[in-house]
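See structure below.
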Amino acid sequence: MRPAPVLRFSPIIYFMAKVLTILVDSPDEKGLIYKITGILYNRSLNIVKNREFVDSDSNRFFMRTEVEGVVDECLLEEELTSVLPDQSKIKVVSDRRKKLVILVTKENHCLGDLLVRNHFKEWNADILAVIGNYDVLKSFTEKFNVPFHFVDATNMSRDMHEQAMLKIIDGYAPDYLVLAKYMRVLTPEFVKNYEERIINIHHSFLPAFIGGHPYRQAYLRGVKIIGATAHFVNNSLDEGPIICQNVIPVDHSQNASDMARAGKDIEKIVLAQSLKMVLEDRVMLSGNKTVIL
Amino acid sequence: MRPAPVLRFSPIIYFMAKVLTILVDSPDEKGLIYKITGILYNRSLNIVKNREFVDSDSNRFFMRTEVEGVVDECLLEEELTSVLPDQSKIKVVSDRRKKLVILVTKENHCLGDLLVRNHFKEWNADILAVIGNYDVLKSFTEKFNVPFHFVDATNMSRDMHEQAMLKIIDGYAPDYLVLAKYMRVLTPEFVKNYEERIINIHHSFLPAFIGGHPYRQAYLRGVKIIGATAHFVNNSLDEGPIICQNVIPVDHSQNASDMARAGKDIEKIVLAQSLKMVLEDRVMLSGNKTVIL
Amino acid sequence: MRPAPVLRFSPIIYFMAKVLTILVDSPDEKGLIYKITGILYNRSLNIVKNREFVDSDSNRFFMRTEVEGVVDECLLEEELTSVLPDQSKIKVVSDRRKKLVILVTKENHCLGDLLVRNHFKEWNADILAVIGNYDVLKSFTEKFNVPFHFVDATNMSRDMHEQAMLKIIDGYAPDYLVLAKYMRVLTPEFVKNYEERIINIHHSFLPAFIGGHPYRQAYLRGVKIIGATAHFVNNSLDEGPIICQNVIPVDHSQNASDMARAGKDIEKIVLAQSLKMVLEDRVMLSGNKTVIL
Amino acid sequence: MRPAPVLRFSPIIYFMAKVLTILVDSPDEKGLIYKITGILYNRSLNIVKNREFVDSDSNRFFMRTEVEGVVDECLLEEELTSVLPDQSKIKVVSDRRKKLVILVTKENHCLGDLLVRNHFKEWNADILAVIGNYDVLKSFTEKFNVPFHFVDATNMSRDMHEQAMLKIIDGYAPDYLVLAKYMRVLTPEFVKNYEERIINIHHSFLPAFIGGHPYRQAYLRGVKIIGATAHFVNNSLDEGPIICQNVIPVDHSQNASDMARAGKDIEKIVLAQSLKMVLEDRVMLSGNKTVIL
């Protein structure tokens, strides 16, 4: 017998229905959906959206459920843990606004797109700051009343530069870092501070044209389609889990810089679409791949 | 200790594990997934794939579940019916091969594509016959050892022609009729014989360019993209539930017949993709819309 | 003998090579390319890009040529006129920066995209002003140092409102008006002031879902693809010559407002791409269709 | 006064108007279009279609012109040669039907598509024979009255096998060889016999996933889009000039074999579209890239 809800909430908050997102990543076995939905049913939670996926390679079960109702998140997480197999990862996410920090270098198209969306509150999230290793985007960023931090890399070791960046970033305690055409490679030491929480936009259809100058490479190879890839950053450059990709046709009349210009439009859209899915807690990780539910 | 392998090949089919697809379309209410998966869990059925959708306009719940295990389909259907709300539609579909009859007029691209796929057993289904209101595709069809019936419409009322068609079609007891560029309008009387089981490919991006000569219309309107639409046929011409659509870019240099030629490639692919989804029991109907799970 | 160049240019400008764009729209006949390129060759102009198209329906010839060299535009235009058939339209366009005025209502995504591009000088053009029939985008516009004029339509006849708008617009003498989700219908009287110079973005894949609420219509029809169309505005609502279209896939899980949100990304990209082509003088008109060279 | 109509149907074929395609690939210099169109004008040839391109990297000029009229092809070629710079390549191509030989292994989708198109005379070309290193597609091919040659590679050196293939191929004197999922690597010795005349379909979005098992690679990498690439074969495996590419979206729910199945539809369409452009003499080569006019 558990009277917890009475104790944990004031009478007013207790009665407010809210939307919670439940994320389950567990070893697959018979009866998982039954057990999970049983708990939700007993707690009178209404399932608004529900998606599952079984990765038969790794034999893991993924589930994302949106429920409406009155419940304490921690208790729900505990209860789910009690019925699910060992080595399950369970997250119950409330709909609080998330916090973002953006990293940039010199290119404006992705940053511009993100700042406009942020200004008009397109997401349930806020851009707290923009950090650049150049200062060319400073005044533009500040038009939107978002602070811009210029962290010059000249005369600094990579390590010192990253430490200087981290110090600023950590001050904002962001949920996610967004690399909006940040053109420096991040070290594994940096990445591990925000593991599975750094989103990058790469200006090619990965894994084609890994590394720098992908449009030049695409032009020289004579491809008829170019693309953009948004992915989580892990230790291997350009090899983290892919979130979203898109492409546009090109032809022989476009040179490398025409392709770069044309590519900007899909880069910014692919980045924004990926960020939207991440902010809606729809992107789960299965090894080096994403499961989008 | 279970001596099943010995039994497995006994004449008693009842004990053979198989894949079943469970389709539920019911009024939405709390606990549906819990109740359904409870039955599956108690019967030791393993859920291989599962998708749900709630249409908040009609307040109906849709679910498609693939399970593996040993079960009698009728008993399972009954048991599910007993826990689900009134006005639920429940289907438990075994993986028997489905039967198709194709209707054509003169154009060969869709028919050719379907016959090649059928020849190489791409689907869990068979084309039993092709029926044409012209005979130009007869010898081509027969190359594939599929019977071709020529039902000439000259000197026949629409009604008589449809009756003549139906007599042949009914003889094959097909699960689905596929209109592979069959260019005559079907009457409501004809359609009701195969309600929700007639699939048509329309050579435009519906609802643009309803009716005849869509490529001519598209050319005259100067569109920059053309499309194809596969849909179920209902009583209103070109207005049945859409299953799949696709498009290709066009430009000013293409006249109506260039567009028609270019459109053929997407027509045949869209039709084949739609048919594949229908044959996999992935397409459910919600009013005049499809829910694809 | 014609000493005009000496008189018309100062000695310094005279010797500066420049890029000119020559646009020819004439009745088709044998030898046109030969005659036109002959003039260019004799004037030592180097052809950088060249595209032609013959509309066999109207029997008209379209040509767009970019040349580099030293030449007086008016003289070149005269000389071309002298060799081309009657009823030819010849334009020699210099690469001067063009002037834009934007019209908006309440939605921000197209305006935001245009203002960012304008801020970073993406085009050989400048946004001189934004005019709205609501003032919700005023402070946003002014962040970019672009004047915003609020022309309230309340308590005004359509005619009076358009006159008030025109007065402001005419003051800027723009080359093009861009309707960036301006949600009021323009009268033929208004349109004729900027004939063939008003670009609109329509939030559907025209000619499907003409008129208001296209996403609602698309949702109700259950389409699997939605689109956006940029077109020149003529007297018939939503029926002017189409410049560019694009689409994105949707599915049953997206309601009308999800589709509207998803559609915004293609609306802004399609509008920007169309505007880019118009500003590069690549869009010619052939009746109610565009020829893009 | 010209009594031509009387002559036009005389036995002297020389005087029959026909469509010729003129292909020019020459060093770029001022006046090329003027000189070429001058010859055409003087010979009373009517330009039906005309496209040019200047590759500013290699400084070469490419032109494809379709003309109607009465002319001897060799004389025209000579006359064009006389006015064009040294190192120009000039081809005047009549509209005779071209000859194709298809190479296959075991997969049927590309072959099936090509044979249906060939059967219904979709191109101005004929498939003369199909050659396979397996015999599984023999009876299927023969349904279409196209000879199938089985050249078994077992117990043969690569060299011996290619010699055996070549002997058969050469007997047909084809204009183009089409590798319709021919899964053996061709040696440079083989390729040089049909240089710039072998078209391959590669089952990935080159240059991603070069080599074997691209769908497996794509699955493991977790890409969200897969593609197909048609290209000319040169000495480096999968690195010849790309003619056409296309893509389809995939998601986490598709494993490697689902992707392979989905990919087949674009493979066959991309191959057919590329072949169509090649057969229309629209594909020129500029180094390792194609120029498509």
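Just so it is clear, A, B, C and D label the chains in written order, and each chain counts residues from 1 on its own.
Basically, a contact is a pair of C-beta atoms (placed from the backbone, for glycine too) under 8 Å apart; a residue touches a chain by one contact, two chains touch by 3 or more.
Since the structure is predicted, the reported quantities are computational estimates derived from the model, not experimental observations.
Asks: Please identify which chain has its centre, taken as the mean of its CA atoms, farthest from the centre of subunit C.
Replies: B
Asks: Mind checking the centre-to-centre distance between subunit C and subunit D? Centres are C-alpha means, answer in whole Å.
Replies: Taking the mean C-alpha position of each chain, the two centres sit 37 Å apart.
Asks: In subunit A, what residues contact two or more other chains?
Replies: If we look for residues of subunit A contacting two or more partner chains, we find none.
Asks: Classify the inter-chain contact topology: is it line, ring, star, complete, or other?
Replies: The chain contacts form a complete graph, every chain touching every other.
Asks: Along subunit C, where are the residues that touch subunit D in the complex?
Replies: Interface residues on subunit C, with respect to subunit D: 30-31, 33-34, 37-38, 40-41, 44, 46-52, 54, 249.
Asks: Taking the complex as given, what residues does subunit B use to touch subunit D?
Replies: Per the touch definition, subunit B meets subunit D at residues 108-109, 112-113, 116, 119-120, 140, 143-144, 265, 269, 272-273.
Asks: Residue numbers of subunit B touching subunit C in their complex, please.
Replies: Going by the criterion above, the answer is residues 53, 55-57, 205-209, 221-225, 227, 241-247, 251-253, 255, 286, 288-292.
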